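In what follows, subunit A forms one complex with subunit B and a second complex with subunit C.
So, the complex of A and B:
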C-alpha cells in the first residue's frame, strides 16, 4: 500500500486550484521509518507527504485544532478514520463543504514490529465511507459499507470473557493501576471534542487530581461509556497511551454488546447515523430488568 | 472449623477479603421522579416494610442516569446500585426509558467485564401504583448484594475503611 505519489499530486492540484488552505497528511518522522502527521499550508512542503503501511494515525483528530478550524482542509482518511469523520460531520463539528477528503481503500496498517495491527486484521469496513476522491482498489464494493460482513468478536474480549470474575477483576485492577492520568487517550480521540470534559470537573472536586487507581477507573470507564456506540476502533488512543494500556478492551466490549443486542450498524458507517445511544427500538432486550 | 469458614462473608470479587461481623450493605437507589419515586412513597404510606439498606436519590427520569452515576456510586459508599424507572411506554417524557434501557445494558455488561459481579448493578421498572413491587425489588436486591459481600474494587481512598 503506497499512495505517496497520488497524494502529492492531489495536494499539488488542490493548492494550485486554491481549493484548500491546509492539507493534513503524513510525513516521515526523520529518524526511523515511522510516520507522524503533518499540516501543510502551501505547495512548497508537498514533497514531505507520504502514505504507506506505516500511516497509522487518525488524521480526523486534527480537525479539532485551531490550525484547521474554519479553514478549507484537505485530508487523507483510511476506512476507520472516515467513519470517525462521518460521525464528526453528523455531530456538526466540521462542515463538509470545507473539506476535501482523499479516501483510501485501506489494506491495513502495520505496527512498530511490522505486524499488521490487530484492528486491521479484524477490520470490517476497510474502504473509506466518505470521500471526494477514492484511492486504491475497493475489494468488495460499497456493500461493505452497511456492514454486510459478519461481526468479528475481538479475540482479547472473547478470551477475557471466559475467565472467572476474580481473574478479570485482578487483571483490570492492574490495567487501571498503570494509568498515569495524562489524558492522552482523550486528546487523541477525534470524537472527544468537548471544550470542557466532565472527567476533569469530577477530578477537581472528588479527587483533587489524584493519580489513584480509583481515579483512573473512573476516568477510563466514564470515557469509554461516553464513546460507546460512537467508537470506530481506530485505536488512536492506544497508540497515544504512554503506559500501553489495552484501551481497546473497553471500547470493543461496548461495541460487541451494542452490535449483538441492538442490531445496529457499526458506528459512523451510515451518514447521518448518530450512534446507538441516540435512538431506541421497542425490541431492545428487556430481560435484565426486574 | 468448616462452619466457621462458611459463615464468613467474603467479597465475591476479592475472596481474600472478609466482611466485618454484622456487615450491612449500602445500596444506592436511583429512582425516577414520576414512577418509581412515587412507587416507593406508596410503599411507605401503605406501611409495607423494606430493608433500610437502600439510600434513595430522585432523578427526573431514568434517562437522566448517566453511567457515570453508577461508577461514582460504586467508587464511594455503595456496595450495589438499583436504578428504577417507569415501565416501557409509561415514561413521562415519552421515550426517556427506552434510551435509558440501552445505556443500562451496555453499562451493566461493561462493569461485569471489568470485574464487578452482575448483581452489583440492577435495574427495575416500578410504576407509581406498584408499592408492593417496590418492596419486593428492594428485598431482592438487598438479598443479592448481601450474598456478594462488601465491594472492595476501586474504592476511593477515604471510603476504603469501612
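So, the complex of A and C:
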C-alpha cells in the first residue's frame, strides 16, 4: 500500500486552487521507518508527505487542536479514521464544508515490529466511508456490512472469555495497577473532544487526580463507557499508552455486545448515525445488562 | 576512597546479583505488558537486569513515586485534624539493579531541584537508602543521544556501582561511591577477583569507545543551548508543536520531569491528600483559580517544556534537564523526537 504520489498531487492541487489552509498527512520521522503526522500549511512542504502501511496514527485527532480550528483542512483517512470522522461530523464537532477528505481503501497497517495490526486483521470496514476523493481499489467494505462477512470477535476478548472469572479479575487488576494516569489514551482518542473532562477533577471521590488503582479503574471505565457505541477501533489509545496496556479490551467487549444486540451497529459507518446509545426504541434488548 | 575494581564473568555476575537479592530489598526491571518496569524482585529469574534501554522505564518512580500520600485530614466541630499518613518514607536500605546510565544521571540532575529552596526529605531518605547498580550500555538505541549532552557519560559518577561488559566475556565491577564500595565488600568478593585500576582502565575505555561510536544522533550541545536561549519568540515553536497531541506521555516516562499536582480523595469532611505526576503539556496545568491561563495555546506549553529542559534548568542549576535517554520519543504515539525538535528550532 503506497499512495505517496497521489496524496502529494492532491495536496499540491488543493493548495494551488486555494481550497485549504492546512493539509494533515504523514511524513517519515527521519530516524527509522516510522512516520510522524505532519501539518502542512503551504505548498513548499508537500514533498514530505508519504502514505504507506506505516501510516498508523488516526489523523482525525488533529481536527480538535488549535492548529486546525476554524481553518479549511485537507485530511487523509483510512477506513477506521473515516468512521471517527463521521462521528465527529454527526456530533457537530467539525463542519464538512471546511474539510477536503482524501479517503484510502486501506489494506491494513503494521505495528513497530512490521506485523499487521490485529484491528486490521479483524477490520470490517477497510474502505473510507466519508471522502471527497477515494484512493485505491475498493475492497470489500460495503459487502461486509450487508452480512457477507461474519463479525469476528476480537481474539483477545475470545481468549479472556474462556478464562474463569477470578483469573479475568486478576488480569484486569494488573491492567489498572499498571496504569500511570497520564491520560494519554484520552488525549490521543479522536472522539474525546470535551473541553473539560469529568476525570480531571481535583477533589472528587472517584475521579481524583491521584494515581491509585481505584482512580485508574474509574477513569478508564468511565472513558470506556463514554466511547461505548462510538469506538471505531483505530487503536490510537494503545499506541499512546506508555504502559502498553491492552486498552482495546475495554472497548471491544462493548462493541461486540452492541453489534449483537443493536441491529449489527458499527460506530460511524453510516453518516448521521448517532450511535447505539443515542437512540431509544421499546424493542431495545436489555438482557446484556449485568 | 580507594578505587575498587573487580573482574568476573557472566556466571559470577549472576551470583553477585543473587547474593544481593538474598540480602537486600532489590528492585530490577521486570517485564510487564511488553516493557520493563522496576519492581521488587526476589529471584534473578523474575527480572532482566540487561533489559534493552528502549523498553525500560526509568527508576524515577522509586524516588518520586507516581502517587504519594501527603496527609490525611478530618474536619470536626472542634477544628480540623491533620495527620501525617502512615506511609513510611523508606527507612529500608535497598538496591536497584540494571539501572541505565541515563536514569542514574537523571537523579543527579533532580538532586539539584530537590535540594533547592525546599528540601524534600522523603526524596532525600530514598536517595540515601538506595544503592544504584548501573550497567553501561553496549550499543546506543535509535533515539539515544546521551553522549551529545553536557555530562561525561564515560566517567559518570551518578551510580554507586558501575558494571561494564569487557572483551572476552569479562565483566568489570567498579565501586563509584562509599555506599557502592560497602556493598561490594560484603557481596562481591566471593564471586569476583580484584584487579588494579591500571589493568582495567584500557578495557573500560575500549568498551566506551565502541559504545560512543554506535550513536547515530549527535549534536553540539553548547550551540543548541546558546541558540535556544535567545529565541523565545520564534514562530518555529508553533510549527514544531503542530503534530503534538498533548497526550503527556513524554512527561510521565521522562526520568527528569518532576512536576506534580495535588488532589484530594474526599468523602464528606475527611480526606487524603495525594501528590501525583502532572505535565506542563496539560492544558489545565497553568490554569489559575480565577480562570486565567498564562499558557493557553499548545505551542506555548511545548515551548515551556523544551526550554525548561534545554535552557532554564541549565541557567538556574548548571545542568541540562534532558539526559538524552530517548524515552519520550519511543513512547510518543506520533513519534515526535525531542532531539529533532530542539535542533530544528535552534537552526
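Quick note on the criterion: the second predicted complex is superposed on the first by the 269 of 290 C-alpha atoms of A that agree within 3 Å, B and C clash if a C-alpha of one lies under 4 Å from a C-alpha of the other, contacts with A are read in each partner's own complex, and residues count from 1 in each chain.
Throughout what follows, a contact is a pair of C-beta atoms (placed from the backbone, for glycine too) under 8 Å apart; a residue touches a chain by one contact, two chains touch by 3 or more.
Everything numeric here is computed off the predicted structure, so don't read it as measured data.
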{"item": "Contacts of A:212 with subunit B and subunit C, given as first, second, both or neither", "value": "both"}
{"item": "Touching partner for A:30 - first (subunit B), second (subunit C), both, neither", "value": "second"}
{"item": "Which of subunit B and subunit C A:245 touches, first, second, both or neither", "value": "second"}
{"item": "Contacts of A:193 with subunit B and subunit C, given as first, second, both or neither", "value": "neither"}
{"item": "Residues on subunit A lying within both footprints (that of subunit B and that of subunit C)", "value": "202, 210, 212"}
{"item": "Subunit C partner contacts - residues on subunit A that touch it in the complex", "value": "29-32, 34-39, 57, 61-62, 65-67, 174-175, 178, 180-184, 187-188, 200-205, 208-212, 215, 236, 239-246"}
{"item": "Parts of subunit A lying in touch with subunit B, wherever the complex brings them together", "value": "157, 160-161, 165-166, 168-173, 176, 198, 202, 206-207, 210, 212-214, 217-218, 221-222, 224-225, 228-229, 249-250, 253-254, 257-258, 261-262, 276-277, 280-282, 284-286, 288-290"}
{"item": "Touching residues on subunit B, where the partner in the complex is subunit A", "value": "12-15, 67-68, 71-72, 75, 88, 95, 98-99, 101-117, 122-125, 137, 140, 153-157"}
{"item": "Complex contact set, residues of subunit C against subunit A", "value": "32-35, 37, 57, 66-67, 142-143, 216-217, 242-243, 245-249, 251-253, 261-267, 271, 274, 276-279, 284, 297-299, 331, 333-337, 340"}
